[in-house]
Structure formats: structure tokens, C-alpha cells
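Before any comments, here is the structure.
Letters A, B, C and D mark the chains in the order given here, with residues in each chain numbered from 1 onward.
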Amino acid sequence: MIVIMKPGATKEQVDAVIERIKDSGLDVQINQGSEQVVLGLIGDTRNIQDVAFRSYQGVDKTVRISNTYKLTSREFHPQDTVVDVDGVKIGDGSFVTMAGPCSIEGLDQIRETARMAKAGGAQILRGGAYKPRTSPYAFQGLEEEGLKYIRQAADEYDMKVITEVMDEAHIDVVAEYSDIIQIGARNMQNFKLLSAVGQTGKPIGLKRGISGTIDEWLNAAEYIAISEKSPVIFIERGIRTYETATRNTFDLSAVPIMKKLSHFPIIVDPSHGTGVWDLVPPMARAGVAAGADGMIVEIHPDPANAWSDGPQSLNEKNYLKMMNEVDVIFNAMKQIREM
Amino acid sequence: MIVIMKPGATKEQVDAVIERIKDSGLDVQINQGSEQVVLGLIGDTRNIQDVAFRSYQGVDKTVRISNTYKLTSREFHPQDTVVDVDGVKIGDGSFVTMAGPCSIEGLDQIRETARMAKAGGAQILRGGAYKPRTSPYAFQGLEEEGLKYIRQAADEYDMKVITEVMDEAHIDVVAEYSDIIQIGARNMQNFKLLSAVGQTGKPIGLKRGISGTIDEWLNAAEYIAISEKSPVIFIERGIRTYETATRNTFDLSAVPIMKKLSHFPIIVDPSHGTGVWDLVPPMARAGVAAGADGMIVEIHPDPANAWSDGPQSLNEKNYLKMMNEVDVIFNAMKQIREM
Amino acid sequence: MIVIMKPGATKEQVDAVIERIKDSGLDVQINQGSEQVVLGLIGDTRNIQDVAFRSYQGVDKTVRISNTYKLTSREFHPQDTVVDVDGVKIGDGSFVTMAGPCSIEGLDQIRETARMAKAGGAQILRGGAYKPRTSPYAFQGLEEEGLKYIRQAADEYDMKVITEVMDEAHIDVVAEYSDIIQIGARNMQNFKLLSAVGQTGKPIGLKRGISGTIDEWLNAAEYIAISEKSPVIFIERGIRTYETATRNTFDLSAVPIMKKLSHFPIIVDPSHGTGVWDLVPPMARAGVAAGADGMIVEIHPDPANAWSDGPQSLNEKNYLKMMNEVDVIFNAMKQIREM
Amino acid sequence: MIVIMKPGATKEQVDAVIERIKDSGLDVQINQGSEQVVLGLIGDTRNIQDVAFRSYQGVDKTVRISNTYKLTSREFHPQDTVVDVDGVKIGDGSFVTMAGPCSIEGLDQIRETARMAKAGGAQILRGGAYKPRTSPYAFQGLEEEGLKYIRQAADEYDMKVITEVMDEAHIDVVAEYSDIIQIGARNMQNFKLLSAVGQTGKPIGLKRGISGTIDEWLNAAEYIAISEKSPVIFIERGIRTYETATRNTFDLSAVPIMKKLSHFPIIVDPSHGTGVWDLVPPMARAGVAAGADGMIVEIHPDPANAWSDGPQSLNEKNYLKMMNEVDVIFNAMKQIREM
């Protein structure tokens, strides 16, 4: 970390900062330039906030050199982490599809969707039993009953399950039925929940927050990684911007950035990323080409009658067509990786 | 709610939508225009998602007329709700100040800050015992020990307490020591937590989410209001935008908007709204002039050595100066209200 | 267009709106619902602002049904427009690459870059002679001298030229040397400039504004299209959001959206879309897979010594590698289109 | 400026950066730390881009210490600049109001609005003769005829005129009729136009761009200030964010920030800042309390029939009421300044 003093900073002001640095157990390197003094902090600065120094008089700017996260970083763990979801590998160079409805609506619906999902090549079944809803009057999910249904449907079609947990009280029950535990966008910085799911040992699907920065996302993963039990699967699902033509702005650049900064796999969610079903296939293809390790998509046997997210859900015909396209692009990517 | 069909929508497409409306227990009014059919939904549409209809073929747009929230709306409750915090009234035309440090760092620090806060006219002491921190390696708060300290300091200076709760597990202990329970920005859409704090009967200080819309904020309040036990105090604390000159973009327009749409009081947080201490006084004055019912500000006996948020904390001298200015503007506002 | 009255709107208020509608030369369809009156405007509403009605008492909401743009819309012109740049076709199902430096720095530099560009398969040479720079003290471009250099370099390698014009005064000189005239992001809503370049008959490369919406972009194109002389090539170059890990947030969803709403081709600019050279190849691949008609990328013989945009420029080796990857993905897309 | 090398940067990489610095005519100070090398650039770095160094291998980060603007900065010119608009002073501690319609619609309308404006205490009449409109089919302004009308109306009521110029071709005619030349939000970075209006010697009202940063805004002013002829009046008019409850997000923090960084006066535009007429008075009051030097507001004798911006225009009664409130807050601010 570097602290840059203002051009006219007095010796007393510089000394006050130096004293604080030393009080934090760090060494300091003093660089007396022609215009300003630059102080370099030497030692482990991971739990030092660079902004703290901005409250000292005479300080102009502070710059963080090292990241606050460690276990999540590729620097710390150069090899890709391959997440093993009860036999299904994510992050090993394959492209894994998770598909299913937004909400589990009943046993028949989830079984029929599992059939569709499997037919298209998905290996993991998604579906919500606990639903975060903007309004308290909207359908909140079938809860444990829903979990039973999705488990049964997945088992019938030899698939794995991913489903969301919204609070600590339900971690045990979700972990009982699900293979991957999903943390939703609204909970990316629910730090108590992150710490708690990290204790399950299950892989955690960590959605990017509605306006989460890349840096916050990596730090959120660190809350899970610190348990050294649960691996993380990042899920890019679009961010909130001024644009209203799509539900969110799908930030595909996050794929190569996260690959560069972290060893955990990253998958994409073109359904939430766009919010419009006919934009999902091109964005799924783009996700493969950007280098994602997989995707999670919303499908429904009858989108017009889905209890939630119908407009962004694919019906069987469009889903199967998309999966064929995704295959073609994925084969091209394999060819590129071998070049 | 209104569903607008596309110009060339077929009779079958229109009938499918009508059937769905009737299946939802609503009546429908069919308006056959020259260009397109417009369907009006008649009945209680609060738990109907307008987006659901967008997945029907032939549907062009949907428009929600009534809000999804009810108990929070001024329509439902035309008079201002005055929140009584153990004798301190918020929303009765007065201007209430909550002041204190970001983090409770120890008994001495919080007592000294309480003295400062009281000297400036604050009636409520703020301070965090459970801290939501981006990095797991940063200071996470003194927890229950901190709660004891802030209660003791507040009692000594005859002040009330506001402090944040981050998860359901700590609601009881926070409710034991605090007069107002604060929901932080990262938890505005932690729906389980909202429902749970609503059961305490304590006033809830509900911060706007980091990228929370006005509509989402009102719906979040509804999760609390639905308990019919705890009143809500809205806290505008700035939103995330592209601008980096301030920590957040302080959206003061939220004050008159929330006054128009809801009966609950709204206060402002110029400390988080700007992130820079010397911007706090002008924005505090602006908050009063915009019609806020109060404010919450960060102060510290020694900002340069604060464990968190030092750069946005006011020292005693600047805080007292600001409070004098706020008084002058508040007197002007009283004069305006009597005009 | 639809005007929705408030539930308690009086007959006088409804009549005032109806009068205004009729004064605008339109017919009105009155739908008396159980809760509110809904007025449908019948006729050509393209030059009627829906917001205008919001200033009438008793009006709750207004909804625009038809778009304000016409010649740009796919509805008006269902077939794809293929832009012919002096023999190079854009929008015919091929993938056209425009490559070159940010700034033209001299004859040798642009010749060397043209050689590189051509070697990788680019057909169009890019390079700025008039540079929009945040600071007046930064290099502003070689102006006409630069235009001569890029023309000479392009001719030598049998390439076409795209370059930006910043003001009306230079349209003639830019049109003399360039095959495509580019409108930069800062000028997307410089309406006088749009109208003026539309008179040249040259294809116009219209960059999306720094915070341009899809709707504004389409309307900006309409200013050009209305001349019925110059075709438009949309260029997605990323939008401004809160995220700072990339220079802009590259909104690839814009590709399928624009394809749906307009008949003009769209290309992508992964260099400005990301701002970091090693993110350019994955985002270029993603652009192809999303269905773009081409791309524009920044390359430089020696990025470290580029006069501008060095960090996002590819050197020869990385550019050639990317072009090979792009080819593989484009072949996959051809296969998909034939499925 | 500071260039921070990566921990493992080689001597060759450091030397390459040093060579580039020296080639730029600057001296360099080399600080060999324990973890990384930090290079300080010594000399005038105003026309050096810090990002340029990011394309060198081994460079981790670059930090700009000094600003790229100079004449606009308070550092360069510590005293407030008082702009004299033909006798009306802006920036001298008074609060100046500019009021008028969005569009000049005819002589009668602008005369009637001038009467209203004057009655409320406004000293400057606003009104658009050249209108930047999203759609080419919308009303584009009365052009020179409109300029004549506003001049005549202003003269009749002894007021000054502010009106917008959209392109270089009309600078002369606008300068002939107007006392202040306004640059609209869409043109904040139309650099050729900025340079050209700077030559008129007239005060320039420089609106913040639709998504303009504070830093870009100051640099835009520098394009005008560099002429050393025309003073600048900054106009905060709200920025584009994800929030749709208001037309823009009114960033009042910009007032104290600009006061800190620049010597030029800043006024606020609560009409565009909110887009809703009943939010204008509270935000006007807040603007005064934040320390603005004045405001510009939209008023209309009959907002429901305004040709543009009706929903955000105040009628006479509401305008007069607001002006009384603004007076009361301004008196409070005078009292504060004397404390």
C-alpha cells in the first residue's frame, strides 16, 4: 500500500502517518520526492484499509497494491480449481449446463422440466424453493416440499441439483437436498450467510450482486473460501445499469477477468443477464466463446404459465435449438484451446 | 394493470391472455382499439406480476397501475406516521439527529463520542457492533460487548440508541440493547431478515440498498409493515453510480418522493451519501431544506484513528459547527411551513 | 400511445386531455374501466411526446406503443441492409474486421499498422486524425496530414478507411479521404453533426453514446437515415457503469437487440468495450458468437509507445492469434446459421 | 504522477519505463522498495497520460497526482470568480435565478413567461431556440426567430438572457441575442464547440454531461477557460443512473465539490435534475442550502400545453411559492456565512 502526501504536507503530518503505519505493525519506506512524500507500507496489509489514511491531514491519495482477498486469488492458487459436483466436473475445460425453472411449482412441473433439461444435455437441474421476491405478496416458493420435488426429479433423470438458500435457518435443509448451494444476487454481501454456507462443504454457486463490483465479488468468495471446506462457482448474472432494454446488463467481460484473478470456475446466467428469452441463445453462445465454464438457464414446459420469470424462460423447442448451437461453439473453443 | 396486445395479435392470442386473467380470479375489460387490443385487469392485482403476461405470444407491453405495496403507501395511510423512539418523536415536524462513530471501538471511545453527540444536540447515538465488511479480514465489530458499551454511553447522556443487525440470530440481543434496529444497505432485500425484525415491535431504520430503487425500497418496507408491529424509518444513504468523486451519489430527491409515496418518516445519511467529511455539512443542510425528518451522521473524537470510516467522520469542532448551521436551516424550514 | 387517467380523475380532467389529443390532429378511443379511464390515441403519434400528457391534472401514466424512429426500424425495412464500403460488404453474413491504431502518429506508424492489420485479415483500416480528448492539453490528432497518411497506407494494402469526424467544419475533408465516417461516442447525440454527415452519402459508423440507451441510439440513427443517402453501421463500444475493472461495460446484448429492432448492421468494439488488451480476444470471440457483423479493434506495432490507448491495443502477435480464434468462431457461426 | 511496478518486474522492464519518462522530457525519481519499484515523475505532467504507462510490461498501476486542468482549478486561482452578466453578478454570494420555458414557442408565450419570471425575482430569462431532441421528428425550436422573441421579452422586463447553442454555425447569432451562452448536457464533451464558444467572451453556462464525471466536467471547462476570454458557470442538472423515479439523479454533492476544486460559480437545475414539477421546490431549497450560486428553472404560463418539458415546468402560482421559500433559505444561508 502506498500513501501519497500532498505537495505542501508538513513534517508533523508525515510523522503522524508514519506513526500510524508503525502502530499497525508494519514497516514504512519513506520516499522524499521533489513534489511530495510517498510512503510505502511494508508487511501484510490485507487487514489494513487504505482509506483509513485519507483521514490524516496532509494525505492526498492512497493506493492499494495487494488485494484484500487471498485464498480466492489466482496468485495464491495458480492452478484452476475443478469443482466436483458429485461426479460432474466444473472448471476442467468442459462446459456444464444447469437448466430448470425459476420456481419449483409442483412435482409434475419439475419432473417435466427435468426431462426437457436432460434431453438438451444439461447435467444439473435448477429450480427455486425459497424465492427472494421484491413484494411480500408475491409467491415465495414451495420451501421444503419444493426441495423434495426437485431432488426426486433430478434423481429420476440422473441429474444434480442447484437451488438457492436465503437464510442461515434453512442451510441444513437445503444442503440435505441440493448438490450445489446457490447464493442469490441480493445476498452476495450477506456476510453471515456466506460464512455459514462455507461450513457445509458443498460447492457454493455465488451470484454476482445486483450492483456488485468484481472486487466485492472476489472478497465475498473469500468469506466462503476461508472455511477451506466449500469451493466457489462464480455466476455472472448481469448488473444494474441505466439501460432498460434488458433486465440487467450482462457483463461478459467478467468471465475473462475472473479467470485472470481467481482459480475458481465461472459460469454465466444469460436468462437473468438479459431477461428476454430470445436474447438468451445468442448470449449463451457468447458466454461459451468468452471462455465460461458453464451456464445456468431458465427453461419451462410452458413459459406463458410459469409462476415467475416466464418472459426469460425458454420453451423446449428453443432450449434444444440453443443447446445445439452451444455445442457448436464449444467445439470451436476446444479447437482454439488446442491451437 | 393493463395488457397491451401487439397490433397484429390473433384472436387466439388475445383469448389465451384473457383466460389467464380469469384464472387468476380477476375480471377483464376488453378494449378493441383501431390498432391494438388493450386489456384492463379488474380486481386486486397486488400479487399478480405484470411481467408474467409478457411471456404470452402477441403481448406487446404490460403496465402496472397500482403499486405492489399497500401498508407502506400514503394512499392507504394518508397521515404522517410519527415514530416514537422511547419519547423521541421522528416525523412530527421536528428534525432529529442521530450521531456517533461508524464502529464502537471501546467504552471510552463511545462515551466520549456520546458526550460530543449530545453537546451538538443529537438525541440518538449511533454505532456499529456488528459490521458488514467487504473483506473477511477487516474488523467485524465488538458484537455484544459493543452493544453493552453503546447502551451504557447512551444512558449516561440520556440518549437513545440505533445500531445495525446483520442476521436473524442476533435480533434478540440487538433488540435488548437498541431502541431502533437498523437494516444496512446490503440487507435492504434480505427478505427473511426484514420479516423477522418486523416482529420485534421496535422501530426499524431501513437503509436504501446500494443500488435500491425507490420502488424496491417501498416494497422492502412492506415486508416490515406487514407485521403491523414495527414502524419504519427510511434512511437515504446514497446510491451507486459511475461517479467516483464521492463514495456514493447522495440522492436527496428521494426525500420528497418518499414523503409523497409513503407515510413513514425519512432521514438522510450525508456521511455515507458523500464519503468525505467536508461534504457532510453542506449535504446535511441540503437534507434539512429538502424536508427530511432527521439525519444520521458519523462523528469521532479522533477521525484519523477511527477503526473504520474515518475519512467521512466529523471531529467535534466540525460537528458542532454543522449542527449550528443545521439549526439555522431548520428554523427557516419552520418558517416556510407556516407560510 | 395510451394515456391512463388516475382512478379519481374528473370528467373535466378527462375532457381536457381529449381536447389536447384532438388538437394534435389525432382521434381518441375512450375506454371507461371500472377503476380508471384509458385513452387510446389513434393516428401518427411519432411527433407526439407521451410525456407531454403527464403535465395534465388527473393523468397517471402514459405509454408509448409505437417507436419514434421509423426508417431505422426493422418493421419499416424487414430485410437486412447490406452496407457496401467500396466493395467490402457489411451485414451480408460475413464478419468484417476494422483494425488500426487509436491515433495516426505518422506515415511510418500507420503503414506498419496497415501491414499488420492486413496480415490478420482486416479489410478496413481504422485510425484517428481528429481526436476527442478529455483534456485540452492532450494530443488532438494530426488532422488533415493524418488523413493523407491513413489513405496512403490503406491504398498500399488495398484496404478501406474508417476515421472519425468531430465537427461539421471537417466533414468534407474527412469524406474526401475516408470510406466510412465515424461518429464517436461523445457525439452520438450531436444532432446537427448527425444530420450533416447523413448528407455525404458515405456509410456512417455510429458509436453508441457513453451512456446511450438502445432507444436513443436508434433515434440518433434516424437523424442520419432521414437523409436517405447514408447507411448506418452501429458500433457497440461499451457503456458507462459503476464497474471500474473495465474501462466500460461491454454490452454484447446490444447485438441481438439491435438486430431485432433495426435492419442496419452492427459491429462491436472490444477494445473500448474493455479497455484492457488481454480482454479483447475473448470479447472479440464473444462478439462473433453473439451475431455481430464485424468488429473494430485497436492494434499498434508497439503498444507501449502508442500516443493514446496503448493499454487496450494489441501487438502483432496477439492480434494475429486473436484473428485465428475469431475465424474459428465465425466458422462455427456459419455452421449454426445453416442448421 | 507515479508509476508502480509489479513485485517481480525485471530491471529491463523498469528501465524501459524510465526511458519513456525521460523521452517525455521529465525527470524520474526511483524508489526501490522491498516489494516493488515506485517511479515518481518530476516536471509538468499535464499533457502526459498516466494510462500510457499501463501498456508497459511489468507496470502494475499508475496514479495521477496533479490534475490535467489548470486554469479552471482553485489551486491556480484561489479567489472565487464573479461572473458579470451585463450587471447581474453570479458568484458574489448572491443567489441568482434564471427562469423561463423549455422552448420559446412564440412572442406572446415568452413575454408572458418573462413577466412571471420577473414577478418571482428571476433576473435572467431562459428559453430554447435551438432544441436538442432525441427524435428528428420532434419540434426543433424556432431558431433565430425565437432568439429575437426572447431578447425582446427580456428587454421589456429588464432581464438578461441565457439560451443554448448546439453547433459552431450558430454561435454568432446566439451571441448576438444572448447574454449567457449555454452548452447543453449532450455537448459537454463536444470539444470543438467548447473551444469555439470560449472565443466569444460571453459567459458560458456549462451543463454537466448526461453521465459526465466531475473530472470530465472540469476538463471541459478548461477547453473554454484556455481562451482566457469567457468565464464559465457550471450547471448541475442531474446524472443518468439506474433510478427511474426521477428523470435524472440530481447530484447536489457536486455543488460543494466544484466549489472546492474550481473558482468558477455553480448553479443548479432542479427541473432537469428531477423531471417532476412538484419535486422542483424542495430540490431548489436544497440547492440553496448546499451552497449553490443560483439556479435555472423551467416555468410556463400553462405547463399542460407546453411544447416540451411540461411535466417539469412550474406554473405561476407554484413558481412564486417556491421563490418565497428559496428566499427564506437564502436568508438562512447568509446568516450561516456570517456565523
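The working rule: a residue touches a chain if its C-beta (ideal position, glycine included) is under 8 Å from a C-beta of that chain, and two chains touch if they have at least 3 such contacts.
Here is each chain with its UniProt name: A, B, C, D = Phospho-2-dehydro-3-deoxyheptonate aldolase.
Computed from a predicted structure; not experimentally measured.
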{"item": "Neighbouring chains common to chain C and chain D, by label", "value": "A, B"}
{"item": "Of all other chains, the one whose Cα centre sits farthest from chain B", "value": "C"}
{"item": "Euclidean distance of C-alpha centroids - chain A vs chain C, Å", "value": "31"}
{"item": "For chain A paired with chain B, centre-to-centre distance based on mean C-alpha positions, whole Å", "value": "26"}
{"item": "Mean-CA-position distance for chain D and chain A (Å)", "value": "39"}
{"item": "Touching two or more other chains - residue numbers and ranges from chain B", "value": "211, 215, 240-242, 244"}
{"item": "Touch list for chain A against partner chain B, complex", "value": "16, 20, 46-47, 49, 51-52, 54-57, 68-69, 132-139, 166-169, 186-187, 189-193, 195, 209-211, 215-216, 219, 222-223, 226, 240, 277, 303-306, 308, 310-311, 313"}
{"item": "In the complex, chain C residues that touch chain B", "value": "2, 4, 27, 29, 31, 33-36, 38, 40, 42, 60-61, 63, 65, 211, 240-242, 244"}
{"item": "For the chain D and chain B complex, residues of the former touching the latter", "value": "211, 213-215, 239, 241-246, 249-253, 255-257, 260, 273-274, 278-279, 282-283, 285-291, 324-325, 328-329, 331-333, 335-336, 339"}
